[in-house]
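In the two complexes below, chain A is the common chain; its partner is chain B in one and chain C in the other.
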Partner chain A sequence: MRVWRAVVLIALLALAALFPVLFPNPAVDTVAVLTLLFASAVTAWNAFSGYSGYISIGHAAYFGIGSYAVAIMCQDWHVPGGWLPFLLLPLAGLIAVVFAIPMGWVALRTRRHTFVIVTIAMFFIMQLMAFNLRSVTNGSRGMSLPIPVNWGGAFYDIPFYYVGLAVLLLALTVSWWIRNSKYGLGLLAIRDDEDRARGLGVRTGPFKLTAFVIAAFFFGMVGGLHAYYVESIFPPFAFDPLIDLMVALMAFLGGLGTLAGPVLGAVILVPAQQYFTIWFGKPGYYLMIYGAMFLAIILLLPQGIIPALRARFMRSEALAGPLRRGGDEAMGGAALAGDGEGEGGGGV
Partner chain B sequence: MSLLQATGVRKAFGGVVALEGCSISVEAGSLTGLIGPNGSGKTTLFNVMTGYESVDAGDVVFAGQRITNATPDRVFQLGIGRTFQLTRIFPRLTVLENMHVAAQRQGLAALFGRWSSSKEHARALELLDFVGLTKLSDVPARNLSYGQKKLLEFAYVLVAEPSVILLDEPAGGVNPTMIRYLTERIRALNERGVTFLMVEHNMEFVMGLCDRVVVMNHGVTIADGDPESVRSDPRVLEAYLGA
Partner chain C sequence: MQLIVDAIITGVLSGGIYVLMALGLTLIFGVMDIINVGQGALVILGAYLSYLLQQHFHIGLFVGLLITMPVMFALGVGLEVAFVRPIRWERTTLSILVTFAIALLIQGALSLGFSTNLVQMHAWYVDSSLKIGSFYLAWVYIFDFILSVVLVAGLYLLLNRTKFGAGLRASMQNRTAAELVGIDVERISAITFGIGVALAAAGGMAYGATSAFNPNSQYDLISRLLVIIILGGMGSLRGAVVAGLAMLVIEDVTSVVWSPVWASTVFYMLLVVVLVFRPQGLFGQLAGRRQ
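Let's look at the complex of A and B:
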């Protein structure tokens, strides 16, 4: 079991590392870059929303802040196109953090549905600011980013692909660490019963805010990378509410609160979006399919793909022979009947 | 010596006054029962003493330290553990993970470590053994029976080795065998020096276990003494029977 897991993990890593070599088609690589960007964002989002249960529909605000941060830094510091702008990404993440600390502190005073609404409201406030703070953002005329003139043709996607992959691996490492740490256990306890967790010494306020801010950091980096990739940014696209919906949908499809679920969700839904856009011949029509998919997921796979697969796997294992877990037969059966959502993350 | 003390506590929810000048003193090493009719303010007093409710007036003192309006996490870290009337465990975590939530660590760096250190692990297993849940340690807590959940809540409160434990209706909805089992566990802990304050409607349980009983009615304590004298106190009879 453990060996198989390692083999699958290495194979996936090798595939990810060699993907642009195996598929040199620029159209395919463009989809791959977008997939990596979304996978990173969803993984980070899940480390906050999936673990703590606080569903944020406003983290795209930090995507937008990261986009503008990179654009403004490149403009003011006259950064040429090439590898240099990539070095600004951690800085873009930190700028997102500066915004996320007070915004998160306010938003996290509310819970559940109220929290969702507050995050949405904060997102639109940021979008309005991007439209109206013309001296900073250039308003609706948007901003241009430096163009890497030497990266012509098929090579253009390659640097973005590998930087995107590095960001994803970093996000996965952070998410894995949180899931296995004392800190992450505190977040899961908050998800299940926040007041009870407080009564057991979990400092819920700092715990929630830290996760909120970590997710914002990654959204800032991803936003900056995306801005550089598409070369120009405008308020409605840098601050795009669809990003929030996509991120949430990907996490729910793959498995909220699991480690691999968000990546799986992105790998399925980003290419699907591109495909539908081409298929319908008009952008935006895929949203109807997405709406239908969202309903289907909630009805058929309320826990997402990974937990559903895990439950099925464990059930068949239980039928096949003696239980791995030392407990007696009847108790093990009861355990397996559960959805296993709480023990997410351990699996690949 | 009084270990946990509330003096002149007032707590009102809008126009409803739950506690009005309520005072209680819990002796170190005692098994104190807190009884009273429904709505007399017992749970509110628990909430005030454990930081879940702020007070309008009055003071709560624990081991010489003022803890009035302290936060629940702070109260727990100081050494007051509690269980809830409606048992509250973490349903999607396993029994063992539930145990680890309460394990306290000092310093920020400790949070970066894995959720179970070997020492904490051993302690968690020891306590699960103490309440008889060892076999279920990898089971999601939601799959436990009601009585098992009560035992789990009891066990994880013990993880941090609190000096006082407040039990809110530990025997409510639990079968007689489980009640006897719980009584034994409470006695064993008390012999090791743990102080208990418990709210309970099961008189047999309270009178058999506690060495001191405090009676509340309408937000104040009306009687206080050993089980025998409280049982025959006319004020208590009046409160319960409304005579």
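Let's look at the complex of A and C:
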């Protein structure tokens, strides 16, 4: 079992590393870059919302902050297009962190429902700021980023692909570490019963805030990378409420609180989204298609792919006899199963 | 000084519109424990329906409510039964995703049907004003405010003087206990969703009569509505009324004394301050352990 897992992991890594070589088509690579960006964001989002149960629908604010951070730094420091702007990404993440600490502190004073809404409200506040602080953000006229002149044609996507892959691997490592640390256990305890966790000595406040800020860091980096990739940013697209919804939907589709689920969700949904956007160019149509897609996923597959598969897998193992092993730990351990899995297991 | 008084008057009058929409939202939250982020889109849908009736069937805006409100009520009940009721797991988050999906569907359909050009409604009470001292006020603000008062009073009577209202309030206080004493909470949920959406229809007509709108206005609306219900306290009807009026008064006063650009920012800042000292909002209950 363990061998198989290693083989699958290595194969996936090799596939990810060689993807641009195997599929040199720029259109495919563009989708791949966007998939990596979203996969990183969803993984980081899941490390906060999936583990702690505090669902944030406002982390796109940090995506926007990261976008503007990179744009403004490039502009003020006259950074030329090329590899250099990539070095600004960690800085963009840190700037997002600077915003996330006070905002998270205020938002995390509230619980579940109110928290969700407070994050949405904060997101809209930041969007409003991007429109209104014209001296900093250039208002609705947007900003442009340096264009890497040397990366013409098919090569353009390649640097973004590998930087995106690096960010994703970092996000996965952090998520994996959180999941397997005492800290992550504290987050899961908060998800299950915050008051009891507090009673047992989990310092809930700093725990939640740290995870919130870690997620914001990755959103900042991803936002910066996305801004550099698309070369120009505008308030409604840098601060896009759809990003948050897509992120949450991807996490739910793959499996909330699992390690691989978010990546799986992104791998399925980003290409689907791109496909629909291209085929139904008229804004009205693709909004309706998105809406229908959301509804279909939520109503037909409520617990997520990974928990559903795991429940099925466990059932077949149980039928096979006493050969019970930790197979269900394939991607992150049995304890991280969402509430949904508990139901699935109960049905056996 | 005169300007500030004028701003307060307009603020209170147009605040009534937001109170209507926010009441629908907070009522749905209180009974069903879900957040209807589609409320903004439903408001815009209501505005377009009124516009459609006026343009094609020459039915006055206020009279048209007699048609749009029942239609939107039915739509709300349908949405609840079809999309919200099937959610059994992670209700809070999934309900947000589902209602957002509904919002996207509505926004998409409206963009296709009406294009994204701004729409402005016209009627004699929109285009002519009443002179109070040195200050002109369009009649529609006064009519809208009367409409809000009538509907809020009607809602108050419905909630406090009828058997249905008693059941609804019981479901708000404790869903499980309400079920145990024989209240059909599912039915009440569906009707509540319908009422919330019907209030969105009325709010939409009132909103459309006072400002230009297009399908994308839903984002602006929903962010304001969410802030109103957090500030008032989630699920608190009184809170929604107070916060809705406060929001518009503060906005109008800010745009007079400072700048229209920063009008909503000041209100948002107020929200942050309130949350620091009173996380449950003005009239909310502290969200602690629920047994």
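Here is the rule we use: the second predicted complex is superposed on the first by the 318 of 348 C-alpha atoms of A that agree within 3 Å, B and C clash if a C-alpha of one lies under 4 Å from a C-alpha of the other, contacts with A are read in each partner's own complex, and residues count from 1 in each chain.
Criterion: a contact is a pair of C-beta atoms (placed from the backbone, for glycine too) under 8 Å apart; a residue touches a chain by one contact, two chains touch by 3 or more.
Values in this document were obtained by computation on a predicted structure and should not be read as measured data.
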Partner chain(s) touched by A:21 [first = chain B, second = chain C, both, neither]: neither
Which of chain B and chain C A:109 touches, first, second, both or neither: second
Which superposed partner A:295 touches (first chain B, second chain C, both, neither): second
Partner touching more residues of chain A, whether chain B or chain C: C
Partner chain in contact with A:198 - chain B first, chain C second, else both or neither: first
Partner chain(s) touched by A:183 [first = chain B, second = chain C, both, neither]: first
Chain B and chain C footprints on chain A, overlapping residues: 193, 195, 338, 340, 343
Interface residues, chain B side, partner chain A - complex: 50-52, 71-73, 75-77, 82, 84, 88-94, 97, 100-105, 110-115, 135-140, 142-143, 156-157, 160
Footprint of chain C on chain A - complex, ascending: 55, 57, 106-107, 109-114, 116-118, 120-121, 124-125, 128-129, 132, 193, 195, 241, 245, 248-249, 252, 256, 282-295, 298-299, 302-303, 338-340, 343
Interface residues, chain C side, partner chain A - complex: 29, 33, 35, 37, 83, 86-90, 92-94, 96-98, 100-105, 107-112, 116, 219, 223, 226-227, 229-230, 234, 261-262, 264-265, 268, 271-272, 275-276, 279-281, 284, 287-289
Interfacial residue positions of chain A with respect to chain B in the complex: 177, 180-186, 188-189, 191-193, 195-204, 325-328, 331-332, 334-335, 337-338, 340-343
